[in-house]
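Before anything else, here's the structure in question.
Labels for the chains are A, B, C and D, by order of writing; each one numbers its residues from 1.
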Amino acid sequence: MFNARLTVSAAALAMVAAPAAAQELTISVYGIAQDAFDEVLYTPFEEICDCELVVETGNNSERLAKLEANAANPVIDVIAFADSAALEAAEKDLLAPLDMAQLSNVDGIYDFAQDPLGNGMAVGYTFYGTSIVYRSEEVSIETWTDLFSEELAGRVALPNITTTQGPLTLYMIQRAIDAEKAEAGDFSDAIAMVAENRDRIVTFYERSSQIPQLLQQEEILASVVGRFAWPGISSIPLEVEWALPEGGQSGGLNVLAVVAGTEQTELAHQFIDYWLSEEIQTRIAEARVDSPVNTAVEVDEETAEALTYGPEMAESIHFLPPAVQMENRESWLDAWNTEIAR
Amino acid sequence: MRHAGRALLVVVMLFLVGPFILICLTGLSGGETLAFPPDGLSLRWVIRVFEIESFRDSFALSLTLGIGATLIALILGIPAAYALVRYDVPGADAIRNLLTAPIIVPGIIVGLALLRHLVIPSGLGVTLALFLGHTALLIPYAVRVTAASLQNLRADIEDAAILLGASRIGAFVRVTLPNIKNGIMAAFIIGFITSFNEVPVSLFLTGPGVATLPVDMLLYMEYNYDPSIAALSGLLALMSLGVVLTAERLLGLSRYV
Amino acid sequence: MTNTRRAGLMLVAPATLFIAIGFLLPVFVLLSGAFRLESGWTLSNFTDFFADPLYREVFFRTFRLGLTVTAVAALLGYATALAINDANPRSKGRLVALLVLPLMISPVARTYAWLVILGRTGFLNVALTSVGLTDEPLRILFTEWAVFIGLLQLFFPLMVLPLISSLENMPRDVIPAARVLGASWLAIFWRIILPLTREGLVVGGTLTFVGSLTAYVTPAILGGSKVLMLETLLYQRVSVANDYASAGVIAVILIAMSVATNVMLKRLATARGGR
Amino acid sequence: MSDPFLELDALTLTYGDTIAVEALDFHMAAGELVALLGPSGCGKTTTMRAIAGLMRPAAGHIRLDGRDITRVAPNRRGVGLVFQSYALFPHLSVYENVAFGLRIARIRAEELERRTHAALGAVGLTDFAGRAPAELSGGQQQRVALARSIVMEPKLLLLDEPLSNLDARLRLEMRTELARLQREFGIAMLYVTHDQAEALALADRIIVMNDGKVEQVGTPEDIYDRPTSVFVADFVGFENTFRVERGALSGANGPVDAGFAVTEGARGLAWRPQDVTLGQGPHRGRIEGASYLGQSVEYLMSSPLGPIKAERPAHEKRHATGTEVTFDLPQARAVELARG
């Protein structure tokens, strides 16, 4: 009986396992726009390297948790993370140092993306702005604290603290109240403000893909999102605008890293370098998926409008340094849980 | 009384089944985003479902998993049910409790436990853990449904077969099995559907290219908010409806739930 | 005699070993984490858990929602079961098939449907405002109401099906007999139906209550982060914070609640069972 | 009696720690029809299951046709059993039910067909071969069960309460049928029953069992007319049965003189209701109730001996309820019981 079980399992395994290719590279990325990535990045790369890409998707925290769980037997070769998640992974010895000699395209990307963690373990592949989206015929947004205005009572969603956008939102609110504390990572005023308005907030969202639906179903009139969610939001048949509030916008940098213990070091570097190349960065930008970090990329105005594009834009974004995030995350989470989540 | 009863039944059935009708309609939307009432009627999102590769892969996995895990659960569960009903097994109560334990333990804990204390230390792979977890989850159903059919079957027909010359196994195969066949098929259908729809156990047991269909749907929803999930949900609802109605007609499935 | 005992053991062994080794062992290792700190064995993870206002609130919310869902399902369930029991055999079969349906449909599909219905511009609010029941659309999504509705739909069949089968097992004509003796409907329900169907109520109640405690998809999608339940909190603790100690504590609490419910209700069923 | 065909030797049967049958001895001859009579729970069905091999004795031996079959598997004993519930296979037709054992034995097709038809013919069910068991009446199912056993040509056929599930008319029919089959096939039959009428009507010999032990063995006449123990006397309808203690009958409130000298060594005395006379005699009683039965009147009396039942011809003087009456338990009609 036991044998029968093993045989059946083995047969089933054989059925679901991918057919063995010459080489396999396993990458872990965000689940967004996988069709576009498949077309402009994965498939062309598979042709070049004569290898097979296996793709895992998920959000930062889930994938980080899995990466840590599998530390002894890594299954991922290359991972795409938010810079803060990458730093956390690096501090847990889950990442391998990059060999810059194998990354010919690094010189062609913005300076801030070349070694964003400061430890040589990751390179930025895209960046985005984070700001308020709102139904312009219903409300207007001037400042970050307008999120708590009377018109928005019961009609606004904020990102949960557990998402990448969560700390960025608190950061900008805190900046509007007391910029000095904000830069030091002390968000206590912002958290107090959110707590005070807790009942007027519809939900603390965990997936930005919810926002178009929440807007369209008129659950909300405004929210805070990353620019990568803009194409989905701007496609709904309502007047929605991307706010440029007083105090500017925040944003984030997504990075690529090689997982510690991988046996596909060379292929991993080849893949990262390919992703950073002008050709691929342009194609991804034209698909209106990710904003390019490669300075050589040029896109038309309409595409630029959909993305977070150009050096001036990059300059204007208030990035929240990953080190600050790492350092304060626990206390933000604690304060959030005691004051807001309950 | 009669009228009140009928009105109540209509309301209850609308509450139970209405949402599935709505989701089918929403899946036929012609618009870009999820909305009700649907934005024109079209099959574009239904077609789209079949074009998404990860849905195809996860559907294949869920299908294999559902069939495989249910079969193993039955192979393990039928003898156990037989022994518990027909024999005086030492510690029968403890064994019965043990065999129903997988229902009591929240699925998410099962998935996490298998991931952390089986997959990772042993390097066995997520797929095997999925089979293990689902089989464990289905054994209680297999045992319970088979035991119920056995209880409804007179034990002495096996004795009769033995006195007519059959061996114990022969009597089981020739007499007992044909008479509990419906129960076993019901157990198979219930097991398969349970596995196919299972989320919490499978939630942590994902890996690159490995995710069951419902988990894959959740992952997809995380980044996409188009009607393709509604279309897929509608398709799955119709599939379940077909299975349930067929099974009800052939076996009287509801007696076994 | 010893022969059949040995044969019985041989037959239960594969399933029992499979569950013991492949299932219970890993679960026990995980749960033991709830009782451990680096310094050794302890209960402080539990005291910490209940000291945290968020966790305490999640615990009580889970308990409260479980009770409410069970109570409403039981009330509605009796009415439904009686109505179905009254129906002619043909439509009875169909009604039972319809009852089974929600159990068989993907929970993702089911919850997704509620997302479409309960929204501010969803089906329900459109219907309510168009008949003038409310001026302002109701906020249902991301509240406990949404979770309640989703859970009620999911577990209602598990309550009704055992009730139907215990009504079927009720001796025929006891209700007419009570009517002839002058009992009111309420008296009939209270003195005849309830005692005779107690077993069904206990089975249904256990399934509904325990099911509500351990549901994941429904609270995750319909409740969101503002309506955390123990199971969604557990997922969050693990996947966001890598906090396996809290996960273990929640797991132990969930299992203890499930087992306690089982034992308590079973006792309740047999307590005055020997009339 | 010649060589015993079936012999039970100190057979002890247990369920866990409970002893169902203790050191049971009995034997029967080839071609004999023996009834195992006793109240429910006396161990008779257990004994039958042990003979069939469905349970293993804790001690003792079973010999059949000169062979010790105590450890032989049930399917190799050559013993047939007709279950009280009939235990027909619900998924097989009548024909396939009867042919089942022959198929297991891999009997050639023509012979299988011949024997199956013969067995169906013997019980008069030829026309029902294609039916499902559920489509038959109780009596017909009973006969299928019988045919299914007979077709195997067992050396010994065991029947468990063969008439208990049938209505009065069918019982009579079946009783005749069983007797006919017994004569026709000459198979030794042992059947279990709790109904004395059934035992008396059919059996060559009756074994009365009580509480796991044999009480009395004998012909129907022996058992009916000459019970040897209080238990058997009670069981075969001696409604007035008394233990004897120090030469007196033990009554409800102490010993009562019998009115005659009780034989030395008799442990009990018993009278049928028909043998109790009213209107004279040493005993006094009070009529508690009277039922008119057509040919006779049945009286229920209370007396120092305890309740007494008397049945008197209808033409005799009637006694009204509530009246005091003298009655006699005549020595001539008394049956002496050797055991209490």
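Keep in mind that, in the parts below, a residue touches a chain if its C-beta (ideal position, glycine included) is under 8 Å from a C-beta of that chain, and two chains touch if they have at least 3 such contacts.
Predicted model only: the values in this text are computed from it and were never measured.
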item: Reaching subunit C from subunit A through chains that touch each other, fewest steps; value: 1
item: Pair of chains joined by the greatest number of C-beta pairs in contact; value: B-C
item: Farthest chain (mean CA position) relative to subunit A; value: D
item: Averaged-CA centre spacing for the pair subunit D and subunit B, given as whole angstrom; value: 53
item: Distance from the mean Cα position of subunit D to that of subunit A, given in whole angstrom; value: 87
item: Whole-Å gap between the CA centroids of subunit B and subunit C; value: 18
item: Whole-Å separation of chain centres (CA-atom averages), subunit A against subunit B; value: 35
item: Subunit C: positions in contact with at least two other chains; value: 1, 14, 18, 115, 122, 238
item: Touching two or more other chains - residue numbers and ranges from subunit D; value: 16
item: Multi-chain contact residues (two or more partners), subunit A; value: 1, 5, 213, 216-217
item: Residues on subunit C engaged by subunit B in the complex (per definition of touch); value: 1, 4-5, 7-12, 14-16, 18-20, 22-27, 29-31, 76, 79-80, 82-84, 86-87, 93, 95-110, 112-117, 122-123, 153, 156-157, 161, 210, 213-214, 216-217, 231, 234-235, 238, 244, 247, 251, 254-255, 258-259, 262
item: Touching residues (chain side subunit A, partner subunit B) in the complex; value: 1, 4-5, 8-9, 11-13, 15-18, 26-28, 30-35, 38, 54-59, 66, 69-70, 72-73, 75-76, 207, 209-210, 212-213, 216-217, 232, 235-236
item: Subunit B to subunit A touching residues, read off their complex; value: 32-35, 52-54, 60-61, 64-65, 68, 71-72, 75-76, 79, 115-116, 120-121, 123, 125, 127-128, 131, 135, 206-210, 219-225
item: Subunit B partner contacts - residues on subunit D that touch it in the complex; value: 16, 52-54, 74-75, 79-81, 83, 85, 87-91, 100-101, 104-105, 148-149, 152
item: Subunit B residues touching subunit C - in the complex, by the definition given at the top; value: 2, 5-6, 8-9, 12-13, 15-17, 19-20, 22-23, 26, 34, 36, 76-77, 79-80, 82-84, 86-90, 92, 95, 98-99, 101-102, 104-110, 112-114, 116-118, 132-133, 135-136, 139, 143, 193, 196-197, 199-200, 203-204, 213-214, 217-218, 221, 229-230, 232-234, 236-237, 240-241, 243-245, 248, 252-254, 257
